[in-house]
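Quick one: the structure is below, questions incoming.
We just call them A, B, C, D, E, F and G in the order they show up, numbering each chain from 1.
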Amino acid sequence: MEILLAIMTGILYASGTYMILRRSIVKLIIGIILLGNGVNLLIFLLGRITKGEPPIISPELKHFADIYADPIPQALILTSIVISFGLQAFAIILVKRTYKALHTDDLDMLNTLDEDS
Amino acid sequence: MKTLILRTASDILLPVLLLFSVFILFRGHYLPGGGFVGGLIAAIAFVLHAFAYGLKNTRKIIKIHPGFLMPLGLLISFGSAIAPLVAEGLPIMTGLWVPGHFPVIGKIGSALFFDTGVYFVVFGVSLTIIFTISENA
Amino acid sequence: MTDIIIIIVSILGTIFAMLAAIGLIRMPDTYLRISVNTKAATLGVGLLLAAAAIYFGDIAISSRVLAIIIFIFLTAPIGGHLLGRTGYISGNELYEKTKIDDLKGKYNKKTHELSSGEESEDSDGEDKKHS
Amino acid sequence: MNLYDFLYYVILPLLSLAMVFVFIRFVKGPSIVDRVIALDLIVTIGIGIISIYSIINNQPNFLDIALILALIAFLGTVAFTYYLEKRDKDD
Amino acid sequence: MTENIITYPLVVHLFFSIVLMFFWQKIKVQKILTIVGNFIALGVAIAVFIHIWSNGTQVVNAGNWDAPFGIVFVGDMLSATLLLLTAVSGLAVSIFSIVSVINARLRFGFFSVYHFLLLGLNGAFLTGDIFNLYVWFEIIIISSFVLISIGGEKNQLEGAIKYFTLNFFGSLIFLTALGVIYGLTGSLNMADIANKIKLIDSQVLIDISAVLFLTAFSIKSAVFPLNFWLPASYHTPPSAVSAIFSGLLTKVGVYALIRMMTLIFPQDEFLMNLLIVLSVLTIISGSFGAIIQNNIRKVFSYLIICHIGFMIGGLGVFNVLAISGVLFYLIHDIIVKTNLFLIGGVIYRIKGTTNMKKIGDLYHSFPKLSLLIIIVLFSLVGVPPLSGFWPKISLFLSSYNNENYWYFGALILGSFITLVVVAKIWSEAFWKKQPEFSIRKKKFISFGQLYTLQKWQFITPIAILAIISLYIGFGADHIQTLSLKIAEDIIDPQNYIDAVLKP
Amino acid sequence: MLLFVCLGFIFSFSILFLHKIVKGKLAWLSALVPLSIFIYFAKFLKRVSDGEVIRSSYNWIPSFGVNLDFVVDGLSLLFVLMISGIGTLVFWYTSSYLKGHQYLDRFYAYLGIFMSAMLGLVLSDNLITLFLFWELTSISSFFLIGFNNESSSSRKSALLALGITGIGGLFLLGAAVILGDISSSYSIAEIMQQSNEVVMSSSYIFITILVFLAAFTKSAQFPFHFWLPGAMKAPTPVSTYLHSATMVKAGIYLILRFSPILGDTYFWNTTLMIVGAITMLYTAFHMLFRTDLKAILAYSTICALGIMTFLTGIGTYEALIAAMVFIVVHALYKASLFLITGIIDHKTGTRDITKLSGLRQGLMPVAIAGFVAASISGGIIPTLGFVGKDLIYESTLHSEYYPYVLTGISILTNALLFYGGFLVGVKPFLGPKKEEYSKIHLPSIRMWLPPAIMVTLGVVFGLAPHLIGDTLVVPGSKILSKTSEAFHIKLWHGFNLIFWLSTLTITVGTVLYFVLKPSHALVKTIEKLEYISPKSIVEKLSLLYKIVSKYWTMLFQNGYLRHYVATYVTFIIILVGFLLYQDPRIVIDYNSLADLTVYEITIIIIMFLSTLFTVFTPSRLAAVASMGIIGFAFCLLYLFYSAPDLAMTQFSVDTLTVILFVLVLYRLPKYLRFSKNYLRIEHGILSSIFGTMITLLILKVLSQPKKTEISDFYAENSYVLAKGKNVVNVILVDFRGTDTLIEITVLIVAAIGVFGLLKLRLKARDKK
Amino acid sequence: MRSQFLTNILLMLMWVFLTGSYEVSSFSFGFFIGFLIMWIIGSQKGGNKYVKILPRVISFLFYFLYAVIVANLQVAYEVMTPNLNVKPGIIKIPLDVETNVEISLLANLITLTPGTLSIDVSDDKKVLYVHTMYVDDKDKFIHDIKRGFERRILLITR
């Protein structure tokens, strides 16, 4: 299963990157979200996965009796999801503002800047 | 959206979802949940209301401005983070616990306050973002 | 004994879920698909949840499962209504064999106000011309 | 065949299959409303899968996720219809 | 107990950002609060510095969980120095922003976000946990992102989108690296990682994670070819914002590179060579960019890149002398680069543009201000004995002795181009007669129209920072002693590891 | 001593407050500053002539080994007295020359800085301090050349001069640093002790090259000479002081100072001789093609500098003495000629030699001074010039290498210098008086007395060469050539070979003076060859540099975001790919992997297909909906792999994101297919490689064993110590609570940002 | 005021229900939470009515359950048989129910019953548009609805 997930992670990275490389800002944001998912999956996988044993101690126990999933990657991913949410929200609004200012979704219209002014 | 059916539903769902969000918040230390998801659900409750009734009406029914919830929540979390520092000279984030055991919540300690702060922040942030967007959509 | 009940309930649930899925593929227009979705799936998932409630047999868990089921039954038709309405407004075509369309022309194109068509025949007629 | 095996080898695969069917509709569309219907149904079937999965793993906690899914997925549908309506209004 | 003092800078900034949020619309209160807050922060930073100077590395286990189980804050001399510099720049820029940032911006939480930014910077300098570092980075990014884009004119939005996307990419790589390092060591505590990484048998994997970290931090610090976001975005926001960006933001990346290179991957040949190559390219690229620009702020942006090259090259040489040079340069650079953009702001305020082709005559009209500015510009160039000069001794020498001749040459090139560019700025903006056309905006309140107090608010921070750079130059002995002390301290990772893990 | 070295700095700084005085009638008082320095240092003459070396040391930056160590020996005192003496005269002269100038105060400030820098430079015993003052001379020179800053050619010349001397300075720093490292001290005296180690070290050639580059750029040696004629854009006192008498000699000083350390090798001597000779000849001939007085003087200055380099290159005791004497000779006559030119320019408004004649009427004292100066320059007995020339021929004839060739070159150059000196110092005063110059009368004494004093000194020293020889030149040379041999400089050696050579020189010079007539046609001729001159080559190179810069910057910083991203990705691919290629082994223990089940595969397939769908669907909304499915698939995946909290969070965040998207999207236009096909393919390939690499990386990491110390600690203590059973939540609010605190802060900032981004603009618009 | 209190009690019960802990502390905490929620969302329009009707709605759910099962059997037949025999149509049904809750209830109920889907209620609340799979006789269909569900709802709500 890890192999499949590793491939899936690769696909997410690839498709996210591909989307970022498009000219549409909306696609850019979609790409960012895909990459965000991809990296979460990567952390999840590299922290090793365990089936059906959530890191929650049973009500009657004081610590785990059995194997359990590594909680650290989960906590990290949670944090990363929340942070990405903040960033994505802002990015989405940025797109909107940009569209309002420029009336285009085309990133290539945003290249005036780097030339010598 | 001007649809009667949705409005009726959102009337029912709003308090239920809020209740549920608090539930999710408090059980977080023992079971899946916590301040983050709780806060999101609370926000979603109002978002649903806003979809049904429009933003103006939703604003009317919220007593506390969401913009105020953000610093408030952060203050709560911040307070529980530095409480040990101020009170006992312990490092920040050190857990302080009230003796005793409570249903659902379990033990009451600074961690709970911390998570409550998270709840408010997430609630406030999500509402602020969504309200701002819909106002300027 | 509970095992058998669970098996039966879960089979039923699965069948209904499968029905909804197949229905979604087979049905020729949006409205029919919504119909299938709202009904079969709701029942199916309700049964599957019930299976879990039976399995755990704990009052706290059962009450939670009940809450989920209530919730699904509450929201599913509202979702169906919203989708149907939106589908109509955004002009999803009706199946070719559709016989009657009382809704035709009743939505105001700008405001999406829905008239009952009861006030006067004239306005009704005008709306028809529009569409 | 005990209960777990049955759920594991019969029910879950069937539900997965159902999900794939729905996904086919999602891809086919044709209209965005059809896609949203499919999305909604996928989540609904997912809730079913979760409840079976919680039995298999003897983890009642998983049902909470089903609860959250049920609550929130509905909002997704509302959002999409809201969008479609608004878009139509302004065109 | 006393070690808790190192967390005070965080407490102060977080506290003030919260309080500022409560005074959302009250601009006057906000202005006072932010000044008070930054003064307190400076006081705390000085106290922290003295404390660490006299008591050695301080470690706070947040949550009272022993390392490596909780998050640790580690204050060594390196952190203390950077905290102090952050506080100084932070205060200067806050004074500057009181007059230079328009009220509309202030009404939208400018100062609050500003304190969040400083909070992030302080946190990044203090944390001893790699994931925590990521989180601090994110608060830095989002704050800077907000500061860049609020008030979004077209070019600001353009800058913001590029800034966002490329920095997001940096975060992505950071997280990827984090995942790899966690997968390899099962730890997030940097000291612990440093210990555990030695036990990994696959050098290639260590190198890959190093390269990924390096990429992430290089994006932050604008190392070629990962620097594109910087010139694309630094000249768009208000000068106060650019000032804090240019002074501190890229330096966080450099700091992270220093930590990573000295603590986690010390003496890694591959990394060292890579850093040298990158530094040469960065210097060249920065100098290329700087020479062709006409906009002063853009010139400064490219100079930032060029000088980042100086620093990472020294890191690549990796010996006590080179690292002391890097640290000295870092100290100098934070103060001077902050000041440069403040100066850019004043020029903008006077002329309504920072395009060299369109301005002139500053020397004639503002002789004393010009004098102040030339001190800063010469500090930047490293005219001896001003601040930029001294670290070059260490860098020249260490690169030559280490046979990094390309880097040696690049240092000369970079220094030379900086000189030429600064002379060009002087010649164009200060000497030349004001050209005919003036693009001053209609409602623009120019410098001459300001009240005296406001003028002083513009000038004071520049003067303070200029005096500090003069101190760095003339009191180079102090700075060099400090840099050497830090360099000797960090070059042996065991010092840090022992302080954190208390064997 | 420090006080006197820094007196100029103090003076300049005080001008900030005293600018009114300095600008006013009392401006001439500022000459007291150099004068007091002159007097202070003159007191050392006795001790120095006794062979004493006076040191004074001030601690400054011991951690760098940088101290303000000053040493007064023959060489430095010679320079110090020249700097402060000529400085006095120039300061004095300036008070009249720039009388009433708006920025006279600034001018004095620059001069003051320059003077101190120059003093520091020649007095420093510490290489870094020397470099410090060296740079300050370049900087102050920049300000002085650009003094007329409204003229674009002034600014350009200033930039050029700074550019050339600036890069030279950096080379000097390089040399200083390496030298300091080899001998573990920056003290020149100490390095001199270890000159053997330096010469034997592997860095010797490199150091020497750096020193040469520094010296040649500063002293305008071929091919770096071209900045100097341009620097003559500066007001005349500057040309006098910096660009003939003092600063340009800093390079010569440097070579002299370093000759006991680096000298006496084949490389050292030949390089200096060759460069010196080329410079001498090249610029001497150039002199023939100039009509501007200052230009003639500029080229003759370079020529003289060439001679000095050349002499240092010969490197013998006599040659060093000759060089030092020639420095004094040149300073005296060249400074005078410049000041005289300044007077002419001031009075007639032109410096064109073809237009000037008959100025002796009305300017008699100036004319006399001019004649004497020309005589010194031409080496006519009994001036110091004669002494100097004698010494030159003596050294060339006794040179180790090619004595006759060297002597020939020297004769030719000296003859041309003779010509140049008379052209400037004599020709304008001869001939018929022109109408337009009839009203010319003698300027203020402050202007004509300084040159008069200097030429008088030139004669006095000529008659009594021991005045400088025994006190300064010989003691200085002894140190430089590490000898204690006595040497007495004399005016008259009898009718020996050298005398005849001098006579020959003067004869050739005289012939040239009468045969050659400066004309504009000649100027035109030389301008035709300009394109191959070092100046134009350097200008072309700098243009090329700019073009390359532009090309490079446009190549990388081209404004296209996707180009940037592609570069980032490529960067990672190259590095990580390279490393993976080094060790491509991936060993996976298949037993340790989780089993595959139908539902997992289904989820993965759905995730995969919806990812593809998201990427390729032409409908934006469908893409968003598809993102919803991906999010849901993630939710299930997290659930299957024991992460219920993640599943919850992922799904709720995803829904919220979809809502945001939906709220924002409906205003946006439909997706357009913007990108060109080849770009799509290119990006597709790039992305696929990136993705593949990530997959390989994951598999490679997974083949390593996992360490669980920390997770185990959490598992053990989550409930016991932190009182929570949901370990993930305990981590979030307790073990790693700080992360969470900052994470919610991030959210708040994002919200503030959203608020500001959407609202601020509206307000601004409202204001209109 | 009274209805507010009722809602508060209802929320408290739900809390107990969710937590599955039937202790005094749980009840009191639930009441407290409910009170807070009521305070935050303030005087919400329609809240009063919701309070009165909620118990009836819950009892009605069981009727829904029955209806849903019947509905599904029909759909199952339609889906599984090879030919599509549907003759769909959208039909306008005049309403006698008046309150929002009644209308919503009716609409949702219709949606959950055999072959029908409520699409929308007209803005003047006079008619309900229903999509149905089988239109054989329009008038009979309207009559069935009015006699069946609408009457039942009115019976319960009034």
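Assume a residue touches a chain if its C-beta (ideal position, glycine included) is under 8 Å from a C-beta of that chain, and two chains touch if they have at least 3 such contacts.
Since the structure is predicted, the reported quantities are computational estimates derived from the model, not experimental observations.
Using the contact threshold fixed earlier, the set of chains in contact with both subunit B and subunit F is A, D, E. Annotation of subunit B and subunit E: jointly contacted by A, F, touch as defined at the top. Path length between subunit E and subunit F in the touching-chain graph (shortest route): 1.
Simply put, of B-G and B-D, more C-beta pairs touch at B-G.
Each chain gets a centre from the mean of its Cα atoms; the one farthest from the centre of subunit B is F. Averaged C-alpha coordinates put the centre of subunit D at 70 Å from the centre of subunit F. Subunit E and subunit G, compared by their mean Cα positions, are separated by 61 Å.
Note: centroid distance subunit B to subunit C, computed from Cα atoms, is 31 Å. Our note on geometry: subunit C versus subunit E, Cα centroid distance of 57 Å, whole angstroms. Counting partners per residue, subunit C has 22, 34, 42, 58, 61, 64, 67, 74-76, 78, 81-82, 85, 112-113 as the residues that reach two or more other chains.
Among all residues of subunit B, those that touch two or more other chains are 1-3, 5-6, 9, 12, 20, 30-33, 36-37, 41, 44, 47, 67, 70-71, 74, 78, 92-93, 95, 122, 125, 129, 132-133, 137. In subunit G, the residues that touch at least two other chains are 14, 18-19, 21, 107-108, 118, 120-121, 123. All chain pairs that count as touching, in label order, are A-B, A-D, A-E, A-F, B-C, B-D, B-E, B-F, B-G, C-D, C-G, D-F, E-F.
Note for the complex: subunit D touches subunit B at residues 61, 64-65, 67-68, 71-72, 75, 78-79, 81-82, 85-86. Listed in rising order, the residues of subunit E touching subunit A in the complex are 131, 134-135, 138, 141-142, 145-146, 149, 152-155, 157-162, 164-165, 168-169, 172, 175-176, 178-180, 182-183, 188, 228, 231-232, 236, 292-295, 298, 355.
Residues of subunit B that touch subunit A in their complex: 30-32, 36, 122, 125, 129, 132-133.
Here subunit A touches subunit E in the complex through residues 20, 25, 28, 32, 35-36, 39, 42-43, 45-48, 72-73, 76, 79-80, 83, 86-87, 90-91, 94, 97-98, 101-102, 107, 110-114, 116-117, going by the rule given at the top. The touching residues of subunit F, counted against subunit E in their complex, run 16, 60-64, 66, 106, 128, 131-132, 135-136, 139, 142, 146, 149-150, 152, 155, 158-159, 162-163, 166-167, 170-171, 173-174, 177-178, 180-181, 203, 545-546, 548-550, 552-553, 556-557, 559, 561, 564-565, 567-568, 571-572, 575-576, 579-580, 582-583, 694, 697, 700-702, 704, 706-711, 713-714, 734-739, 741-743, 745-746, 748-750, 752-753, 755-757, 759-761, 763-764.
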